[in-house]
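Accompanying notes for the structure given below.
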Amino acid sequence: MEEQNMQSVMEKAQVLIEALPYIQRFNRKIIVVKYGGSAMVDEELKKHVIQDVTLLKLVGFKPIIVHGGGKEISKWVGKVGMEPVFVNGLRKTDEATMEIAEMVLNKVNKSLVQMVQELGVNAIGISGKDGGLLKVEKKLSNGEDIGFVGDVTEVNPKILYDLLEKDFLPIICPIGMDDHYNSYNINADDAACAIARAVEAEKLAFLTDIEGVYKDPDDKDSLISELTVSEARELIKDGYIGGGMLPKLNNCIDAIENGVSRVHILDGRIAHCLLLEIFTNKGIGTAILDDKEDRFYRE
Amino acid sequence: MEEQNMQSVMEKAQVLIEALPYIQRFNRKIIVVKYGGSAMVDEELKKHVIQDVTLLKLVGFKPIIVHGGGKEISKWVGKVGMEPVFVNGLRKTDEATMEIAEMVLNKVNKSLVQMVQELGVNAIGISGKDGGLLKVEKKLSNGEDIGFVGDVTEVNPKILYDLLEKDFLPIICPIGMDDHYNSYNINADDAACAIARAVEAEKLAFLTDIEGVYKDPDDKDSLISELTVSEARELIKDGYIGGGMLPKLNNCIDAIENGVSRVHILDGRIAHCLLLEIFTNKGIGTAILDDKEDRFYRE
Amino acid sequence: MEEQNMQSVMEKAQVLIEALPYIQRFNRKIIVVKYGGSAMVDEELKKHVIQDVTLLKLVGFKPIIVHGGGKEISKWVGKVGMEPVFVNGLRKTDEATMEIAEMVLNKVNKSLVQMVQELGVNAIGISGKDGGLLKVEKKLSNGEDIGFVGDVTEVNPKILYDLLEKDFLPIICPIGMDDHYNSYNINADDAACAIARAVEAEKLAFLTDIEGVYKDPDDKDSLISELTVSEARELIKDGYIGGGMLPKLNNCIDAIENGVSRVHILDGRIAHCLLLEIFTNKGIGTAILDDKEDRFYRE
Amino acid sequence: MEEQNMQSVMEKAQVLIEALPYIQRFNRKIIVVKYGGSAMVDEELKKHVIQDVTLLKLVGFKPIIVHGGGKEISKWVGKVGMEPVFVNGLRKTDEATMEIAEMVLNKVNKSLVQMVQELGVNAIGISGKDGGLLKVEKKLSNGEDIGFVGDVTEVNPKILYDLLEKDFLPIICPIGMDDHYNSYNINADDAACAIARAVEAEKLAFLTDIEGVYKDPDDKDSLISELTVSEARELIKDGYIGGGMLPKLNNCIDAIENGVSRVHILDGRIAHCLLLEIFTNKGIGTAILDDKEDRFYRE
Amino acid sequence: MEEQNMQSVMEKAQVLIEALPYIQRFNRKIIVVKYGGSAMVDEELKKHVIQDVTLLKLVGFKPIIVHGGGKEISKWVGKVGMEPVFVNGLRKTDEATMEIAEMVLNKVNKSLVQMVQELGVNAIGISGKDGGLLKVEKKLSNGEDIGFVGDVTEVNPKILYDLLEKDFLPIICPIGMDDHYNSYNINADDAACAIARAVEAEKLAFLTDIEGVYKDPDDKDSLISELTVSEARELIKDGYIGGGMLPKLNNCIDAIENGVSRVHILDGRIAHCLLLEIFTNKGIGTAILDDKEDRFYRE
Amino acid sequence: MEEQNMQSVMEKAQVLIEALPYIQRFNRKIIVVKYGGSAMVDEELKKHVIQDVTLLKLVGFKPIIVHGGGKEISKWVGKVGMEPVFVNGLRKTDEATMEIAEMVLNKVNKSLVQMVQELGVNAIGISGKDGGLLKVEKKLSNGEDIGFVGDVTEVNPKILYDLLEKDFLPIICPIGMDDHYNSYNINADDAACAIARAVEAEKLAFLTDIEGVYKDPDDKDSLISELTVSEARELIKDGYIGGGMLPKLNNCIDAIENGVSRVHILDGRIAHCLLLEIFTNKGIGTAILDDKEDRFYRE
């Protein structure tokens, strides 16, 4: 083999060996991936996310995907001649809209199954209805009834344990049922967080459209790479966190406080961000962790 | 207890006792139910079918539902301003149509899951994509390419065995993937037949919109209650069978010859037709059976 | 199908569907049936009881039969020229009597096995000796030694769990051993109650020769259909309960207080009383239940 | 320790060590013991037989006991004032006699259970009715109908495998059912032989009242210690074998030819004959073996 | 059989029957045997020990052997021209010595495996390195660093449970690793004691070169056959125990106080001492037991 | 993240993704690694080999290591003052030499265990004696008896399946026993080949001190990267293969013809050669494959 080739080959080996302690560390652990945003729209990024999750499955982790589909729902609502309505950032969801939302989310769901199957791993696409996974109650928006929008009240993880035991990769769309077995749309971040808590996931990773949590959103240099729950609370109290990041960060805190070991806010626009976060010692985005945990990952 | 009450109560007991040998006979056997036609449109009938299948599950059978959704697909194709096109009775399925078909079938699928869950039994709604259940190849219509319409070429029943072992009721919509992992629509009768063969079902029951097989379709008295494979072939050869019944009967013959013990063509418009067929000694519709089988059921 | 037939068929379906919630409710639950009295003498009733229990087994319950045989024992004691002696209602059981009692009870036991096997379900007839199921100590009658009559001091349920796991219907005759491995006769009601407690049965049903508990035994209209433990205690304190009903009711209270969910005193002279109690919303006889339980069954 | 003690202790160790290869050889093997004759009457011998079988169980074998009870049956037939009738050596068994036979055999059965339980091992006493173990058809005596005397036509060993798996010692009394589920008495030797064949026992041992097979019954020195099937056939053909030994030897030949590795005719009047046969290199009684087997046991 | 033979045969049966309660008592219990001293040097004794342990395995116990090899190590240290150095009775173990110690101990280990395999039982020879069984820290001798001599700080018994479940006889040589994965020699008595504690062994037996614990070592009549923990402490306090017995007795006390039911100090120079201790009611050597235990064994 | 960092990170992701199809392809497959030569002497290479095998284990493969230790044996033979003797390239192995060989090989064996444990994976070091893994017979060298050098005659893989099931990495040194349970040294290549055959390994990889098979050993450009069995035979026949490569190549052919899918001759002097061979599409060394197999790996 030529010199040059040999060197390139050696570098490859080095990357694989670098992954060794991480593979070992997360072996047979459950990792919930909230998949949404740009990473679901760009076909190339989509492929990378699915490759990443499939690789996690193959090297012995137990990934679970929870996905959204907001933009696609709006598109189809328009297609049938209806107008999307939002109240305080929440989609007003009457029966007709709910029907479309369910159709679209399940379509997205099965297209992800398709991609995983193509990579040779067995996936099952389910919603929160299957096996009674997600129970909800109606969510009001500042007291206003905005239709079939639900808050998760209970997670029945039996179906997930069954599917993981049988070596499937579960892919979940965020629809649940209330006590009268009506369908409700659920915010995908909330669903992912509730599921991660219920199965006591090792990790919960949010693929987002931002680089992570900033101390000052206008200052790209103020990206925070690790944040304890206390620090996160402080930032919120001091008003540093706003917009869509606020509920997301609250979800992170909630997850950590209920048994999830570590939550990651990753930039889904970076190819293979998930893989890089887990398998290399660089780290990407912001990690939220327990106050007591040692910060050994990246230091 | 009053006389009259007592008599009514006794009659109830009699019905339950009458069911005993059938419960015993089909204990832990797989029963594939092709669910379609009027029974899927009429809300009352829908409820009865789901009650029946759930009861079968609870008394120890292993039912699997395969459903269609043709009318609903046409409705939604219309809603988005497209025109359904049929070639020799097969829906011409371009990419846009396939997208709608998949959305609609998965919506129907999850609504059936919902109804079963409401009755307290765990269901999972899957398509032929999940776990690579159904592999297809393009189906031509008299040599003409009509788009994403597929013939089942292979069934991978692992996912079904896994779900049955974990005590779920699998509900399947007839979508499969070809070798390049494209989605295809499959005729629900064909899908049910292929699945019944693959799991060597004890029974395959078609819920249809007719009373059964007639010797003379114009003569309501010519309904045939039992038919061996040979007799069915004879009827076809002699030209007695036409219209939509011909492919259905061919499916029945195919199933019997590939390990399914008995196929039933039932009138889905009769409430609880499935239950009555299985649990009483009256029988309903037409049963197709192996030439060698004894006809002990109803005699 | 003719109008009239169709109606009859529909009514059958209705009965089966009515059973659905009960089948679901008691799925895989243990039900202990104390079988005795007229229902063991009349051949027709005997057949009905066995049909009922076998049906319970087939639809997914886990029934256990505990039976007596007092009249048959007396008959055989007479046959060999001995005189049955009773002290305060308890059979004086010397060694010769015990030998006959054991022979007769085991004969009855195996004849029940025979009937269940004939219905196609696997049964095993055991006594409290097998697998060390029932440990007893000598029971005195007002301080008087009346021979080999025992009180259950310990139940070792391993054998029952083993047999249920292997899908057998256990049929038990009430004979136990003391610390020195001598055989003792046990009151069948007591044995059934002790076993129901040990396996934490969902239900314990006594098949008796009366319609249930009366407030006023002379007033047939005063039959009580449901009774909480507190109410039962009240009735006993107020002297409403006497004769053979007193120990039976005490057994019921004891069972409820030790983990059995519900106890039924049924009229074994009504054909299929067990089936009717469990599968219809009429209810028969008297149900004893926990003070806190909601009375949803029949209302 | 004193000299003398030490020597005695050493001899003990020697006996245990001598057992080593036999324990190893028969580890987890099924051994069917036909228990009858004097060994069932003499209380001391009875105790020894039960000790032996229990020891076999504890050191890792899987013993099954099949017992008779002829003398005891006759006694009880007499007790109720009836007269035992024999036709060609077979008990004429009308319905009344069958009832007594069943009572007596089950009583004997449970008394053996009692003795095994006392030694700390779990036993279950069953008849050929339980779990449908023994199917029979009526046996004629030279064409004459002698009542409920049956020949085994089918053995369903599921119940035995289930009980062995759950670590019980099965004790079987030889009663079976015909196609109409009537009870029949079976010759215990025949039952033991049929069961040993069905479970492909490693050994079948008959405890008898003779020392073994003699070439010349009048010459005590002509005891045969090993006999191949061919040699046994020769002896029968040449008329050396008569009386009760003839059917027993035919049973032995039948067992060997159907998968049992070795059959032993042991003198049940010698204490611990079973243990000695299996654990020492002396051997007792007559062993019947396959023509091809090497005779390494005792040489 | 002749009179004399018969008597000898009867005596054999008696020994086997005498073993019955002990086999029953220790069925499936773990017994750790510390094997060392003369019993490892004398080829005949060696054979007897291995026979004993193999027999224990075959009759249903779960023996584990922990062995030393001090004399053999010294021999090989000499062979390569080095001089064994001892500090306060502990071998000074530099890197070169440790290398030899590991070689010798593993050689001895595999030779024991060989002997067990020859008796037809599956053995695996491991050290405390395999599966991370034994973690150690450096042991100082009166503050002096004597090299790679370790104290057990943690036992990870997973490997032992795995091997026992798969029916292997584990044979362990006392080498462990510290936190930096260096090899250390461990005193075999200490290793056996730590392992017995970790697996909560029923028994821990030390094969030694003395007859047991003496009240007065010079008075052979003062051998103590049973000793409670309190009594042992008393003896130590009163200065009766010295030399190599002191650490051994402390190990015994430590084991009893940490879940081992009974510890035996046996004279390994007596053939089959292990067998005799366990299977006969004579007892050999000294048993150390809990203060509360009844002394039923030998009385 | 800076541009440059980002690019480097992307390249890392690419390497991991490139590994995906290989991880998938060999998931849960057994890979036997013959470990010897320079890779066992150089401490750095040693570490790389152990890292590679541990990584294979962690990502779902089932590696088994078979190692030699020839140079180390010679060193110790010298240390004790003996002279290594070779006959036709085989070590003359008298009893004293065998004793040293066994000591050294087991020491090497446990040092490999140590390294794997340090990486956090459970290993067990065994020889062919444990669990009766390797049976041998004496190997003659041109008819001459050269002592305890053995040819494998039988492999009993139970121990390997047990250890793999319990998730251990088995590390094997090539010592076996003959029918009389004497120890024999086995050529490590032969042992690895016999073991790979017995467990029907997916791959067998030889770590050697050469780059692979050359058509012309003097022409470094004539390295053959893939070789079918037929081609290999041709090369041998035509005299291209000589020296130590001849028996190795014969071993390869033998393995392929007995169920191993692919054999690799790798250059153990290249760091991480094993990882590179399996996880990248470059390939290293020479692969020997079945005549019928497609050569898709590297093309």
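Just so it is clear, A, B, C, D, E and F label the chains in written order, and each chain counts residues from 1 on its own.
As a convention for this text, contacts are C-beta pairs under 8 Å (C-beta built on N, C-alpha and C of every residue); 3 or more make two chains touch, one makes a residue touch a chain.
Computed from a predicted structure; not experimentally measured.
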{"item": "Common touching chains of chain D and chain C", "value": "none"}
{"item": "Option in A-F, E-F or B-C whose residue-number contact pairs overlap C-D by over half", "value": "E-F"}
{"item": "Separation of mean Cα positions, chain E and chain D [Å, integer]", "value": "43"}
{"item": "Distance between chain centroids, defined by C-alpha means - chain A, chain B (Å)", "value": "37"}
{"item": "Multi-chain contact sites of chain B, meaning residues that touch two or more partners", "value": "none"}
{"item": "Pairwise touch network: line, ring, star, complete, or other", "value": "ring"}
{"item": "Order of the ring members, counted from chain B so that chain C is second", "value": "B, C, D, E, F, A"}
{"item": "Complex contact set, residues of chain F against chain E", "value": "76, 79-80, 99, 102-104, 106-107, 109-110, 113-115, 117-118, 122-127, 129-132, 158-159, 162, 165-166, 168, 175, 177, 181, 183"}
{"item": "Contact footprint of chain F on chain A as seen in their complex", "value": "1, 5-6, 9-13, 15-21, 23-24, 27, 51, 54-55, 58-60, 119-121, 270-272, 275-276, 279-280, 282, 284"}
